[in-house]
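First chain A sits with chain B, and in the next complex the same chain sits with chain C.
Let's look at the complex of A and B:
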């Protein structure tokens, strides 16, 4: 069952297309990473999912309900942390949470207290005296306090120190263990890699990939490091088209392999190698591959397989 | 340490209809915000101080207390209301949505299980109550001073001017909210509101006289043009209440008295209510389409 589903979702601002036919499928109960650089359309997509923006065309459903027609009812089931969360400066943290809680039925007092203790947020202070990190904590508490079925977090670790980030990850793991769904947008790929089971990558308003992270890794290229017995072997090396050489040393060669592991092993067996290291790409390698942004500037081998 | 006050409320949030509870929560927030708004407090204090000043002048002019205190003060207050109340309503309304949009708090608000209509109504009722409260404080203080000096005649007139002032304030609030739904930045919204205030207050009379001369308007056309300005509607309403005859307003007033007779107050009330409902409805349509952007 899908917790979030969009079909051909498009958002147009004049000639500019912020979202271009996005088909997002977020399984219920999953922790779903939503990746893309600034301006890729993540926040626009999230705003459409919350019914804050109306899509130019296409359809978006959350928990089976139309985000536009059932917006208010649906938002009762959603916890949302905006990318740049803002609150009324004149209120205390407690007044802010009480106000937001009252609009949700006023049933979260105990959870507010628990979360404030977990995140060590002084609720009696005015929001204007809060640091950026404390405001972020307040935003997280308001998103989590009503135990939503779907949690949408836009850059949740922004301004949080590493200790609080760990607390947040523990809370999110508890949410996931409870069978609730988390859509998690982030620029920090290591935390997505660490937390998420699924990932979607958005580029220029288009969804270019979505799958389990493991499946992406399996489909993706391998990083291969070859050490030869002598320089002659290294310099006279002929490689198949599926090998894309990168950094070369006198007796070594580093590159990427885009075909099957069996074909790689067959080729390696023919080489006079002293040592070989084959590694799976990190999520960062995958992401940068999709964007062709790796430091050595090698082009992505093909769609769906980062080089 | 303070503890969380038990909340004994609603099942209603999250439905697709209008939840009066949510509107109430939002209205209370607006009242609190208005009480922290320095400009609003300044207008309210100025209004109360000037009302008291006018009452003192009115009482002194009668030569003896208790005869015409309320009536004279009410007549003087009409001009004060025409200056201050529109400014109060327009600026409060103009900052309502644009301010939250600019500060980024509107997105957090709209991400809650509430509809845009509830946000708009909550803001209107909250700010409307704040305006009514400020006017009640000004009129109330003045009434207390008048009563303490023995004035009692024409107190109904005084009360009627208060009610009309409140309706005028709400119509200006509604126009201010329309401005607020159209622009993104608070300074632009406030600038536009002050420009509208200038047009309504200062250019209203001059424009009407100029148009009447240039276009050779007849009495009916002049009255129609006057009703297009809520300030003129308030003025006609207030003067008709105090004098029973609109001779003071010239041919248009005479035409109104003779044509509509006893139905005139109802017509004026209808026009004033239309000036509340029409801009508010328009701002709802715009806000629904634009949302937090």
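Let's look at the complex of A and C:
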């Protein structure tokens, strides 16, 4: 079952297309990383899911309900942290949370206390006296406090120190263990790698990839480090089109392999190698691969000399 | 509508609203005291000079010759520029605070991310500014009543006649409030919404003023909301100006409905 599903979601601003036929599929109960650099369309997509923006075309459903037609009922089941969270400066943290709780039915008093202690946020202070990080904590507490079925977090670790980030990750893991869904938008790849099992990558308003991170790794380029017995072997090497050389040393060569592991092993067997190291790419490698090696979402032409 | 939202909006506006109510209340008491000290025979004598009579007509929007009665003078308290100014300040602040103010402050995401509808937000916001408008209207008349009681005028004031101004006064508030709310729904900057409505009111006031001394401006004055609120004329006739009330409600209502349609379908920018 899908917690979030969009079909052909498009958002057009005049001639500019902020979202271009996005088909996002977030499985229920998953922790789903939503990746892309600034301006890729992540926040636009999230704002459509919240009913803050109206899609130019296409459809968006959360928990099976239309985000536009069933918005009010749906938002009771969503916890949302905006990318740039703002509150009424003249209220205290407690007043802010009490108001939000009352709007959601008033059942979160105990959870508010627990989360405030967990994030060490002084609720009696006015919001105007909060630092940027404290405001972010307040935003996180309000998103988590009613135990929503779907959590949509737009760059939640912004302004949080590493200790609070760890607390947040622990809370999010508890949410995931509870079978609830998290859509986690970020451009910090390490935290998505650390937390998420699924990932979607947006570029220029288009969804260019979505799958389990493990599946992406298996499908993706591998980092290959080759050490040769002598310099002559290294310098005379000719490589297949699926190998993309990077750093070269006198007797070594580091590059990436974009074809199947079997083809890589066949090629390596023909080389006079002293040592070889093959590693799975990090999420960062994957992400950069999508941005650098696959312009327009398609595999790029290989730059290496043909074997 | 949502009671929780209404509570929040009242809370956010309470200091401005209470300050305006106190200000108008005090003003009416001071006005009554000032009027009670008028030398009416001297005023009547001065008003016999055509130039002075015309100047007063221009300022008050009505022919004041023959109106030097307790009720006539007391009705100034319902049309004094101070009352207009304070009321307009409250209305412009309240009508724009939520609809465009939340977008401008960047806090609209939190409000619209809650399990409520935009219609409920719009209606709750409208309820609050209407309630403040009603409170301000009643305060003006109540302040006048108490002021006259504390400082009796040279003759008794016919208060039922002054009370009959209330529907027209409230209709004027609704027209301004409807316009301000409607304009807010189309914009993303609160200051711009306030500026547009304020400019319209000032032009309306100026045109209304000029129409008293230059007849060709009369048709243009009809485009301004202030044209449809003439308390001195009303006190003179003693009748409720239903036509004016209808026009004011229509102006405010059309702007308000246009705003509602826009607000419920618009994009909320980040």
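FYI, the second predicted complex is superposed on the first by the 292 of 307 C-alpha atoms of A that agree within 3 Å, B and C clash if a C-alpha of one lies under 4 Å from a C-alpha of the other, contacts with A are read in each partner's own complex, and residues count from 1 in each chain.
Methods note: contacts are C-beta pairs under 8 Å (C-beta built on N, C-alpha and C of every residue); 3 or more make two chains touch, one makes a residue touch a chain.
Treat the numbers as computed from the prediction; the structure is a model and nothing was measured.
Placing chain B and chain C on a common chain A by superposition gives a clash between them. Put chain B and chain C next to each other and count what each touches on chain A; the higher total goes to B. Looking at the shared chain after the overlay, A:71 reaches both chain B and chain C.
In the superposition on chain A, A:43 makes contact with chain C only, while chain B stays out of contact range.
Once chain A of one complex is fitted onto chain A of the other, the partner contacts of A:124 are limited to chain B, with no touch recorded for chain C. Of the two partner chains placed by superposition, chain B and chain C are both touched by A:82. By the touch criterion defined above, A:94 reaches chain B but does not reach chain C. In the superposed model, A:52 makes contact with both chain B and chain C. In the overlay built on the shared chain, the residue A:116 is in contact with neither chain B nor chain C. Applying the stated touch rule to the two superposed structures, the overlap between the chain B and chain C interfaces on chain A comprises residues 47, 50, 52-54, 71-76, 78, 80, 82, 84-88, 90, 99-100, 102-104, 142.
Against chain B, in their complex, chain A makes its touches with residues 47, 50, 52-54, 70-76, 78, 80, 82, 84-88, 90, 94, 98-107, 109, 112-113, 124, 139, 142. On the chain B side of its complex with chain A, the touching residues are 1-2, 4-16, 22, 25-26, 29, 33, 36, 103-105, 107-108, 110-115, 289, 291-293. Across the complex, chain A is touched by residues 2, 4-5, 8, 12, 105-110, 112-117, 120, 265-268, 270 of chain C. Of all residues in chain A, those touching chain C in their complex are 43, 47, 50-54, 71-76, 78, 80, 82-88, 90, 99-100, 102-104, 142.
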